[in-house]
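Got some structures for you, see below.
You will see two complexes here that share chain A, one where it goes with chain B and one where it goes with chain C.
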Partner chain A sequence: MTTTGTRRSALSNWRFWFAHNSGVLTAAALFVAMFTLYISNHSAGLTPAVATTAANKAVLLALVAMAQTLPVLTRGLDLSVGMVFVMANCIASVIVVGTVGEGLLGILAVLAIGALAGFINGAIVVWGRLQPIITTLATGAVYYGISLFVRPGPGGDVQSDIADFLTGQLFDTVPAALVVLLFVVLVVWIPYRRSVLGRAAYAVGSNEQAAYMSGVPVQRAKLLAYTLAGLLASVAGLMLTFNTYSGEASAPIAGSYTLNSIAAVVIGGTSLFGGWGSAIGSIFGAFVLRTIEDLLFVFDLPPLWQPLFQGVVLLIAVSLGALRILRVRNRLELFS
Partner chain B sequence: MTGVDIGSTRGPRLAERLGIDRSVAIAFACILLILAGGAMYSREFLSPEYLLQQLQVGAFLGIIASGAMMVILLGHIDLSIPWVVTLGAMMATAMVGWGGAAGIWLCIPFGVFCGAVIGVLNGVGVAYLRLPSMIFTLGMNAVVQGLMVLHTGGFAPLDQATPAMHFIAVQRSLFGIPNALFVWALVGCFVIYVLKRTAFGRAVYAVGNQEAAAYLSGVNTNRVLIGCFAFSGAMAAFAGVLLAGYSNKAYQNMGDAYLLPAIAAVVLGGTNILGGRGNYLGTIAGVILITLLQSILSVMQMPEAGRQVIYGCVIIAMLLIYGRSAKARS
Partner chain C sequence: MHDRKPYLELKQISKRYGGVAALTGVDFSVYPGEIQAVLGENGAGKSTLIKIASGVTDPTEGEVLVEGKPVRFRSPTEAMRAGVVCVFQELSLLPEMTVADNLSIIDPPKWLGLIDAKGQRERARALLKRVGCEDVHPLELVRDLPLSRRQMVEIAKALGRNPRILILDEATSALTADDVERVYGIIRDLKASGVGILYVSHRMREIEALADTATVFRNGRKIETFTKGARSVDAIIEMMIGREVTHQYPEKPDPSTDKPVALAAANLAWGREIQDISFNLRKGEIVGLGGLDGQGQRELLLALFGVLRGVSGTVAVDGKPLLLDGPRRAMHAPLPMALIPEDRKTEGLMLPMSVRDNMTLAALPHLAGRFGVDRDKENAAVQSMVDRLRVKTPDMLAPVSALSGGNQQKVVLAKWLMTEPGIILLNDPTRGIDVGTKQEIYRLMRELANQGAAILFYSTDYAELIGCCDRVLVIYGGRIRRELAGETLNERSLLQSALNVDATEQAA
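What follows is the complex of A and B.
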């Protein structure tokens, strides 16, 4: 009796876990399938160099997508992540220079600036009670202005020892960028997810009124979500600087990272209506998006067709969310 | 807020009937403030010539904002505007090459039609597939971008604007008033008529307030969604046609600079970004405000960096004055 009982509950635990993480698992499976296809068609195969190149590109979007996930979980949105990313890039190209020690200090300063930018977003949303979309649209313009002020033209430099270390390989095999990403997940996301304010963020996203009535610290949860979003975006900005050895205040780069981060969040199974999903899913969503670009490259698609193909794949990927209407029993559920 | 005046015994006040509420009044006050500030810098800012020129430039933004407003009233958002603007311009100019003599007459309707088609597709995705508009229109933007890159890369026969496009975008035919301003006025009157005087307009506000309730009261909500998205696409494309006439040419990325100002103009005009509340007078105020702000900052030879910072801060500051939502406990 007891054994069957525990087995059944273990089984239902597994089923619950699968159901709960289906979005993340789908994105991960999609990524593995596409990456296998990519590697099997790549002339060099899976060498550390190929993996490092792919990782260095994909980790940038993965970090920005993680940043985007946190406000989305609270049923918000951060349209300034791309601008914070570019701002961190520009500032890093000015202050992360000199000796290794000075470089590390510069990194800390850039992270602090990123977190401050996120905090300002959060403060306007929480205390100013403005809508997140329009708030971050406006603060994004401000952050872009600051980037232009710091770096009017492309250029600058970065501490090369740190840069080479973080964009190279550990033990000549593992791409260091992936280790950075893992580090961020272990140090930022997992503790956040398990903290009171992290859980509060999910509660706020599900139903803010109910969360407020239950004594959930709504304001602090939102503030922390936006602040961490700024912090993560600045980590991505630092990694961009280490990749390019320079800074550039580019509005197209900022815009495309913002928009792709939203797409990555959705592909990773996070609901744009808040309260459901995880940053891990967004990482795989970002990997999927980046692998699409790589696939176009190895399959030698004519360059003119690439943007169209990318757009169609993006549209199909986000349309997968429509499958939920098949599960709807009552038409009124459609309007939620 | 939407002009329904229940319980006021003496009938609606004039201000309410015209749709002037607090946010619209503050927006217009800010316009006067900016003009006054500009006048202290240079007398030129108050000259009719300068103001007409600003209105002409603002007309393009105003037409796009009219479409964006219809979608925002539903509680949705149309992020496909940038490339639909480009699509309108490119299809209209290419039509001259494809259609020959007939193409010269058909180019403007054809450009608008292409935008409307994309809008209908957006509407179908949002209405029937029930996808969040933010992400579906984003994907559609990428698809249109792909199509346009392909178009300019291989098949574009022509990218020059026709005289007719140049005529409605640049020239002045009546009392020296730019034709583009008349076009915006026509679009504006149409939007006001639809929102205030038709069942469709009522349904737009109803869907924006609560779609489930609108559905249960017998509104065909999917038709409303598709209609508004189609209008937004058509207006974005129409503005693209005018912009092509203005710069005599259709080129890639010509719509990129219009998405955020259009949304900002609608929101500064007091339209709730969550839908269900807002009127067109506010959007007019928002458009003029954004156009003047951009123009004055550039006339003052403010570097781009400072312009962006001031632009962002002004939007935040204005919304903090009147755009705040209710507290959680209410």
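What follows is the complex of A and C.
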């Protein structure tokens, strides 16, 4: 009797788990399908080299998309993630040099600068009470300005031992970039998701007033979300430096990463209205966007088609999220 | 009578919002192990009292004491830490999160510093069991629960915070009869364990069943605290009404029933909020919607204007059936309809836009010339409205946000009068505006009615309903409870039927 009861409740726990994670699972399934299609049409098949190339590209957007997820969960937005990403790249190309020890110190400095940039965003949003969009649009421009100042033209260098290690393969099979991503998930995302402040971020995004009334630390939750967003964007910036061995203050890269990060967040099942979603979903969302590019390549389609396909995938993802409108009883709710 | 000291004490508390006094010099205390009912009309100051006690707002003057020591709650969190927990009428649950998350939102069980999901689930299960909601799974999302279950979860959440003082603000309004009994049981258990309970309800029967003492508020002042049974229901109602400042109302015409029907509603129903409502609205008539706040009056107006989806029943305008599929259809009915919304800031006005643009927004088709809007015609129409309603504005191009509340409301009225409506639905149009403007609005309503408009007027101010309306339909729980007109239209019968304790029911 007790066992059946326990089993039933364990079963229903699974049922709820599926319901809560349907967005992530859908994005993951979409990615697996697309990646399988890509590999099966690739002349070399799934070799460590092919996987590593794909991973090195995809992990950059995955990290920036994770960064974007955090403010979005609080019903905010961070338009500066791409600029923090580029700023970290430029700064890393100056200070992550020398011996391995000096390189590691440089990495820590870059991470601290990224977190500081995010903290400034959060402080302006929380204490300045400005809208996240306009705040991060402005700070993003500042961060890009700093990038140009640090690196007026493309160039620089990076500690090559660290770079080769983190963009190569572990045990000659597993792409190291994927391990870095997994490490970030385990050390940053999972503890955050299960901390009181992380859950407070969801509460704020779900209903800020109710959260305040319930005694949720609203301001600290937002500050932490933006700070971690800056930190994660700078991790991505470091990985970019390790891939290119140089820094470049590129406005197109900054802009496209910002916009693609929002797309990846949406494809990953996170609601732009806040309170719902997961950074894991955003990772798969980023992978999906990157695989579109690879698919065009193996099917010999012109790369010019890429924006069109990305747009179609994004539209489909957004439409799935809009299904709730069919249930609305009061037409005024459509506008809220 | 009380041998113990009060747990929570408010001393000489006043609260002003802008120039309006919500509470004036209130002394109030709650003792451990007592159930105290708080009574009063809409706007008597009950919600302000609760907000101050639970740390949502600060008092303008006065002192809050917990166990004799002065405290200053800067947030609901601080009040909760001091043992004052409130079950809010507007639910404080987070819709996109699970029941378990909601129940342990601020201090979840932890393991190695992180939230212990399993422990949290078990805690949720225990709390749900305590309120008799074993059918709710801890991992269900709050947004997927029906309203009555959400209210029970809200109560469970408050219990989980180990209150010393529990404030229940209309906490049973959406509950089923079984749940209400269960909540009574919980309240009595809490009382037995020494928790003080502050119970705000409009239902006299609940108060008779539960309360030890009751306190009546009126116009932001405490009138009296008395023990149960010391005052009759009639005496309590008398206290709640008191003597009010009487407004000058325009004269009513002689009642006559031979005027043609402008709008006929039959068997309207929508969810819990509207249940089987039928009535006629005649040309030249002002019909009031009375009753306590939130009994379905607002929904009824929205339903007639086509805003709600899935309304059953029929509505005929000037004898022709009206399809309820949106404001545009209602505005182009045989007798054009207009709805003056309740919240002028979000539903009635575009604040940054000019007085002129706001006024003519709904009436642009009337003002169209050969090429777009005829500016001369528009300016003339706006000027005549500004004069007619005496809108105090520096210029018709000034942004509406620069106007006072009363004048903003006049702009909303003007916007809909521009469309020359035959049926006007008013949703509490005088809330929060000054007396002078109120009187101008009353005068305008009567003027429009005399010109043949049919007016349906919802107000939370009973004096206003009595002063302005030819008839009043009293709504209770989504149904028309009673129709009052002529002699029977007075404050006493209005309040009695609003509280559902009127003579007809007592006789039955």
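Keep in mind that, in the parts below, the second predicted complex is superposed on the first by the 299 of 336 C-alpha atoms of A that agree within 3 Å, B and C clash if a C-alpha of one lies under 4 Å from a C-alpha of the other, contacts with A are read in each partner's own complex, and residues count from 1 in each chain.
Keep in mind that, in the parts below, a contact is a pair of C-beta atoms (placed from the backbone, for glycine too) under 8 Å apart; a residue touches a chain by one contact, two chains touch by 3 or more.
Computed from a prediction, not measured in an experiment: that's the story for all the values here.
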| A:Val266 contacts which: chain B (first), chain C (second), both, neither? | first
| said: So in the superposed three-chain picture, is A:Asp78 touching just chain B, just chain C, both, or none of them (first/second/both/neither)? | reply: neither
| query | After superposition on the shared chain, which partner residues are touched by A:Pro307: those of chain B (first), chain C (second), both, or neither? | reply | first
| field | If touched residues of chain A are counted for chain B and for chain C, the larger one | value | B
| message | Quick check on the superposed pair: does A:Tyr212 touch chain B, chain C, both, or neither? Answer first, second, both or neither. | response | both
| request: Could you tell me if A:Phe16 is touching chain B, chain C, both of them or neither one (first, second, both, neither)? | output: second
| query | For chain A, what residues appear in both contact lists, the one with chain B and the one with chain C? | reply | 212, 331-332
| Complex interface listing, chain A residues touching chain C | 12-13, 16-17, 19-20, 191, 194-196, 199-200, 202-203, 205-207, 210-216, 271, 275-276, 328-332
| Residues on chain C engaged by chain A in the complex (per definition of touch) | 56, 75-77, 80, 88, 91-98, 101-102, 105-108, 113-115, 117, 137, 139-141, 157, 270-271, 302, 306-310, 326, 347
| task | Please name which positions on chain B make contact with chain A in the complex. | result | 77, 79, 125, 129-132, 134-136, 138-147, 149-150, 153-154, 210-212, 215-216, 221, 256, 260, 263-264, 267, 273-274, 303-313, 315-316, 319-320, 323-329
| note | Within their complex, chain A touches chain B through residues 77, 124, 128-131, 133-135, 137-142, 144-149, 152, 208-209, 212, 218, 252, 255, 259, 262-263, 266, 272-273, 304-312, 314-315, 317-319, 321-322, 324-325, 331-332, 334-336
